[in-house]
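For reference, the structure is listed below as C-alpha cells.
The letters A, B, C and D name the chains in turn, as written, and every chain counts its residues from 1.
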Amino acid sequence: MGIETLFGKSWVTARIDDIVNWGRSNSPWPYIFGTACCAIEFMSAASSHFDIARFGAELIRWSPRQADVLIVAGTISYKQAPVLKRIYEQMCEPKWVIAVGACCCTGGMYNNYCTVQGVAEIIPVSMYVPGCPPRAEAIFDAIVKLQGAIAKESVLDRA
Amino acid sequence: MLTLVELLNPLVGGDVVSLEETHGGVYAAANPLKIVGLLTQLRDDARFSFDMLVDIVGVDASGLGGVDRFQVVYILASTAKNFRLSVNVRTSAEKPEIPSVHAVYAVADWLEREVYDQFGIVFIGHPNLKRLLNFKDFVGHPLRKDFPIDGRQKVPESEDLHDEMKVKLERRGRAFSSMRIGEYGGEHGEGEETGDDPFIVNLGPAHPIVHGILRLLLAVEGETIVAAVPELGYLHRGVEKSMESGNYHQVIPYTDRLNYASPMMNNIGYCKAVEKMLGIEISERDALLRVILCELGRIMDHLLCTGPHLVDLGALTPFWYLFQVREKIYDIMEKYSGVRLTYSCVRIGGFPFPLYNGFFDDVESVLKDLMPAIDDVRRLVERNRIFYDRCCKVGAISSAEALRHGFTGPCLRATGYDYDLRKNRPYYSYDTFDFSVVVGTNGDTYDRFFVRVYEMIESAKIIRQAIARYKALSSEPAALEAKKSKGFKKVAPPAGALYDSSEVANGELGYYIVSDGSAKPYRIKVRSPSLCNYSAIESMVEGAMIADLVSIIGSLNVIGGEIDR
Amino acid sequence: MTNFYGRIDWIFLGLTTAKAVFAWGLTLGFILVNIFLERKICALIQDRVGPNRANILGVRLFGFVLNFADAVKLLFKEDITPSFVNKTYYLMAPPIIMTIALMGMSVVPFADDLVVGSLVIPMRVLDLNVGFLFILAITSLSVYSLVIGGFGSNSKYPLFAAMRSCAQMISYEIVMGLSLVGLVMVYGAVHLQRLVVAQGEMLFGFIPKWGVVVQPLGCVLFCIAALAELNRTPFDLPEGESEIIGFHVEYSSMKFALFFMAEYANIFVAAAIITTLFFGGWQLPWLSTETIKSNAPVVLRACAIVALTAAAVAAYLLHRLYSKRRYQWKDLREKEGLVFYGVLACVGVLSIMAMLLPGFTPLSPIMASGLALLLQAGIFIVKSFIICFIVVWIRWTLPRLRYDQLMALGWKIMLPLGIANIVVTGIVVLLFP
Amino acid sequence: MSPTIVRFFPFLMVFGLALSIPIGMMVLSSLLGPRKKTPMKMEQYECGVPSTTDVHRGKLSVKFFLVAILFLVFDIEVVFLFPWAVVLRPLGMFGFIEMGLFILVLVAGLAYAWKKGALEWE
C-alpha cells in the first residue's frame, strides 16, 4: 500500500486519482501474449494502417514486470494455461487483461479436449474483444474502453 | 518409362500386401513388421528413390470395419521421379505396435511421436517416444474414436524437459546437473563443483521470437548452443478432432486457422482434395480465381514471414513497409468475403460469392504497391553488411538433409533443390503459367529470406497472367457453381481414402481424408509444412549462437496453427 | 582565470549548483526530447502517426505529453524487489547509471567563459583540467551498472545480458580511448574548454578547425564506439529484445524507468561530448566570442530576424496542419492550436522587441556577454540535438549485430584502425607543424 | 579541513547531488503505488515457465577472462598514450619514434593474440 492512499476517501485522494489515472490510462504498455490468428490481427493494429502507438501502447514490453496490460491474443490451450497464469502473476500491479478473440473469450469454435473455454478460467479479464479474429479497430475499442475504465478507478481500489 | 504401379508390382506378395490406384494416386498396403525394410528399399532403390517421407497418418479404423483397429499410413514422395505412394499398415487394438522408421527418414521422429500421442500406437525402437502435442500427463489418446471430444484435462505446470536434455547432453559427453533452485544453500554457488556443465536456459513459449507457441530448452556455453530440446503443442487446438464432428463444408473454417498467415491457400487446398475425392472438375474460371487467390495468399504469407524476420534481427522498419501491402490485400479480401483474415471464401465445387466489380483493379493496384515495398526492403537489407553477416551461412542445411527432414517449399528450394508442386505436380493448370521457381544455393537463412522475396515477384507475375486469362473468358459474371448444385450439405464422398496436396507458401500442404461414405469426414489429417520444416531445428541450431536461433526461426516461418493444429 | 580552490567559496558553490541545475535540467529535459524523438522519428520512418492521444487540458504537443503520462504511471506502478535477487547489487544498479549520465554532463562546457567585470565564470559545472580523461573514466563506469544489475538479478536472461554488455563495453572502451588520442595530438590539450577554443580557429583561413575536419577517422571511430557504449542499435545486444529481452527483465516501476531514462540521458551526454570534441562544441563557425561581443547589436538583430522568420514559418505550418484536420473530437484538443499560436506570438513580439532594443539603448558589456552566452549555449544544444536525431535515426534503420561480429568489429577492425590513426596523425602533426 | 577535500569539495557536492536525483526517484516510487506480493511474482521470469535449473549452475563463459586481460593491456596503452599525445610537439620526432616502438610492441601483441585465436568468438 503506497502513501498515496493515506488520505482515505477525501478530496485529496480524488485529485491524486485524477493524476494517477490520467497517467495510467494514457500509457498502457502492453505485454502481448499472442499465440494464433489474433496475434496477426494485433500486428495489423501495430502496423502503419492502424497504428496502436496513437494510444500510447506502442512500447511493447516483453518483461511482464514492466507491462500494464496483458493482451491475450489467440487460442489458449490447456498446455499453455500455466504459462499464461505465470506471466499474469508476474506482472506488477496495477494490471489489466484484454482477451482478444473468440477463442480467448470463450474457446470459440474449438470446443474440444485441449482448448481452454475462455481465459477467465485462468486469469481475471478486464475487457473482452469478440471476433474471429477481431478487427484492429475492435482491439482499439477495447483499449479505449479500458482507458475509460481506468479513469474511473481509485488508488484505494488497488491498495 | 514404367509407371509406379508397374514398378511396384513385383513387390506385391512380399513386403507389399496389396496395391491399388484410385483418385490418381497409388495406395499400397504392407506388412507392419516389415515396414522398415520396405521403406528402406523404396528409398534406396534407384528405380523408386522415394527420398521424402511426406507424412505419417494414423487412423482409428474402428468405424470402418476390418480386423485391425488402427491404420498407419506412410505417404512417400519421390522428388526425383515425381512419384507419390501411400503405404498403409494395420495394427490391432490389443497390441498397437509398429517398428519405427525414424532411421530411414529423420522427419519420422516427430511424426511418429504425433501418432503415438493421438492414437497410442507404439513405435518400437523410437528413441524418444513422448507425446508431441498434448502435455506429458495427458490421459488417453484424443483422436481415438472412443475419446470424448470434450475430454478436457487440466495441467498444473509446464514440463521441465530435463529428461530429454539429459539424454542429449550425455550423448555429447556432457554432464547435466538438474540441480534445482534452492536445493543447495547460498546464492553464490556453494555446494558441489559443477565443472563445465552447460548453462540451461529456457526460451519460450512467451518469448518474442518464438511467436508465443514454441518452446526450446537450450543448453548453452557462452553464446553457443550445445543442445536444444524443442517442445511443441502450445497451440494444439484439436483441429483434427473437431473436423470429424461436422460435415465436409464445416471443415473449411478450421482450415482457415491452420496457417493464419495465408488462410485462402488452406481453404483451396482442402476443397481441392474433397473435389478430387468427389470427382468434381471445377470450371476454368474458378480455377483461375483460385490461382489468383493462392498467389495473393503466397504474397501475404511471405510478407508476414520476411517482415517479422527482420524485426527479430533488430531491423524494425521494413516490417511496417511490408505490412502496408498486406493491409491492402486484407482490404480486397474483406471486400470480397467480408472478413479480414479468416475468409472461408471457398466452397467445395467453386466459390460462394461472385467477384465484386473492380476486384481485378484492386488486385492490380496491390501488385503495383508490392514492388516499391519490396524494393524499399531490399534497399535496406540486401547490401546491408550487418544483415548479410547475420544471415549468411546461418542455419545452413544441405538438400539431402532437407529432404530427410521433409522440407518443402521455400525452405527446400533455398537449398538449391528445384522442387515446386506447382511445376512438378501441377494443378489448376499452373504448368501453363510463365513463372520461374526461385531456388537458392546454400540453404541458409539469407537464401530462405530472398527465396521468399523473389517468390513474391513471381507470384505477382502469375496473378497478372491469371487476370488476363480470366478476362479473356466470357464476359458473364462468375457463376456460382457450388450454389447451383445445391450440394452444400450433401457432400458425401465415396468410402475410401485420399491424399492430396498443394504448394502453399510454406511448402506442401496436404490433406489425407478418410471417408466412410457418410456426410461427415471420418478422419482428416493435415500435412503441415511448418512441422516438417521445423523438425530440423535441433540440428540447425546446435553449434549456432542464440542470435542465430532468432534468425533461423524467423526464416523457417514457423506458423503455430499449422504445427500444432 | 580566477582560482576558487583556496577555500570554500560560497558564491562559487552557488554558481556551481546553478550551473548543475542548468546542465542537468538540460540532460533530464533531453531525456523527454529523446524519447519523443524516438517515438516520432520511428513513426515518421514507418509511415505512422505516432502517439497523439495523451493530453493535458487538450494540449498534446504532438505526443510529447505522453512522456509525462509514462512518468506518472511508472511512478505509481508497483515497485517490487523480488526475493531471489541479490538485494545490494539489484538496488545499486539503477542509480549508478543515472548518476554517471549526470556526472558525464558535468564537465562538458556549454558556452564560453562568462566575463562579468573581473569575474570569469567557466560555463561548465566542474572545471577540471583533465576533463577529457574524466569523461573517459566516468563513462567507463556505466558498465558496472549493467553488470551489477544483470548479475544481481539472479535470473538467466539478465545474466546473459550482463555478460554480453560487459564484454561489449570494455572492448569498445579501448577504441573510444584510442580514437581520442589523435585529437589530443592535434590540439595538444586535454582540457575540454581549451579543446573547444582551439576548434574555433580556422584551417587555411576559412574551414573551421573542428575535430571532425582534422580527425575524420577518429570521429567515425569515436561515434561508433559511443554507439556501442550507449547500447544502441546496431549494438543493442544487452537489451536485444528479440533475443534475451534485456538486462532489466526483473526490474519494475521507477527502477526500470531509471535504466530507460539513463539510456536516453546517455544519448544526450554522448551527443554533447561528440559535439564538444568533434563539432566545435559551443563554437559558432566564423563567429568567435569577441566578434559577437563587439558586434552585439547586429548579432541581436540577426537573431531576432531568424526567430521571427522561424515563428512565422512554424505558424504557417501549424495552420496548414490544422486546416487539414477532418475529425471533430468535441473536446479540449480542438483548442490546442491556440496554445501554439500564443507561444509563437510571444516569440514574435519578443523578437521584435529585441530588434528594436539596440535603437533605444546601447548594449552594455554584460548584455553583450549574455547574448554570446545564450547564442553559444543555443548552438551547443542545436548541435547536440542533431546528433541525438541521428542516433535515433540509426536505430530505426539498421539490424543488430551478433555477439561475435560485434567483438570482431571492435578488436579486428576498429582497434587496428585506431592505432593507425594515431601513427598517421603523429606523422602529419610532426611533419606539418 | 584538509586542502584536498576543499579542492574536491565542488566535485563531491556535484556527485552527491547527482546521486541524490536517482535515489530520490527510487525512494519516491517505493513509497507510492500498490503492493501485492504473490509467490509467483517473486519467481524468476523465464518465458512463463518455472525456472528449474539454478542460475549459478553451469558455465556461462564468453571467453570473459581473455577479453578482460586484452582490455587491461590495451586500456593501459591508451592511458600511456594520452600524456605523450599532449606533449607530442615539444618532444618532436624523438618522442614519436620512442612511442612508435611502444605501439609496435603492442601491435605485435595484438597480432599474436589474433593468431592464437583469442579474438575468435564463434
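Here is the rule we use: a contact is a pair of C-beta atoms (placed from the backbone, for glycine too) under 8 Å apart; a residue touches a chain by one contact, two chains touch by 3 or more.
On a predicted model such as this, the values are computed, not experimentally measured, just so you know.
Colleague: Strictly by the touch rule at the top, which chains does chain A share as contacts with chain D?
Modeller: B, C
Colleague: Where's the contact count highest, between which chains?
Modeller: C-D
Colleague: In terms of CA centres, which chain lies closest to the overall middle?
Modeller: Chain closest to the assembly's C-alpha mean: A.
Colleague: Roughly how far is chain C from chain D, centre to centre by C-alpha average, rounded to an integer in Å?
Modeller: 21
Colleague: In whole angstrom, how far does the Cα centroid of chain B sit from the Cα centroid of chain C?
Modeller: Once rounded, the distance between the two centres reads 50 Å.
Colleague: Take the average of all CA coordinates in chain A, do the same for chain B, and state the distance between these two points in whole angstrom.
Modeller: So the centroids are 32 Å from each other.
Colleague: Taking each chain's centre as its mean C-alpha position, how far apart are chain B and chain D in Å?
Modeller: Once rounded, the distance between the two centres reads 48 Å.
Colleague: Pull out every residue in chain C that's touching 2 or more other chains.
Modeller: In chain C, 46-48, 75-80, 84, 154, 156-157, 160, 163-164, 241, 245, 249-250, 253, 403-404 touch at least two other chains.
Colleague: Which positions in chain D are in touch with at least two other chains?
Modeller: Expected reply: 32-36, 41, 43-51, 55-56, 60, 62, 121-122.
Colleague: Residues touching two or more other chains, restricted to chain B: which are they?
Modeller: 157-158, 181, 187, 199, 201-202, 205-208, 222-223, 320, 324
Colleague: Pick one for the touching-chains graph, please: line, ring, star, complete, other.
Modeller: It is complete, because no pair of chains fails to touch.
Colleague: Would you mind writing out the residues of chain C in touch with chain D in their complex?
Modeller: Per the stated touch rule, the residues are 5-8, 12-13, 16-17, 20, 24, 74-80, 82-84, 91, 94-95, 98-99, 102-103, 106, 125-126, 128, 132-133, 154-157, 159-160, 163-164, 166-167, 170-171, 173-174, 177-178, 181-182, 184-185, 188-190, 249-250, 253-255, 257-258, 403-404, 407-408, 411-412, 415-416, 419, 422-423, 426-427, 429-430, 433.
Colleague: Give every residue of chain B touching chain D within the complex, in rising order.
Modeller: For chain B paired with chain D, touching residues are 157-158, 160, 162, 177-181, 183-184, 187-189, 194, 196-207, 215, 220-224.
Colleague: Of all residues in chain A, which touch chain D in the complex?
Modeller: 1-4, 63-65, 82-87, 89-94, 155, 158-159
Colleague: Of all residues in chain A, which touch chain B in the complex?
Modeller: Its residues touching chain B are 32-37, 39-41, 43-44, 47-49, 62, 74-75, 77-84, 87, 103, 109-115, 117, 132-133, 135.
Colleague: What residues of chain B sit close enough to touch chain A in their complex?
Modeller: Residues 133-135, 142, 147-158, 205-208, 211-213, 233-239, 241-242, 253-254, 256-257, 260-261, 304, 308, 319-320, 323-324, 326-327, 330, 340-342, 560-561, 564 of chain B touch chain A in their complex.
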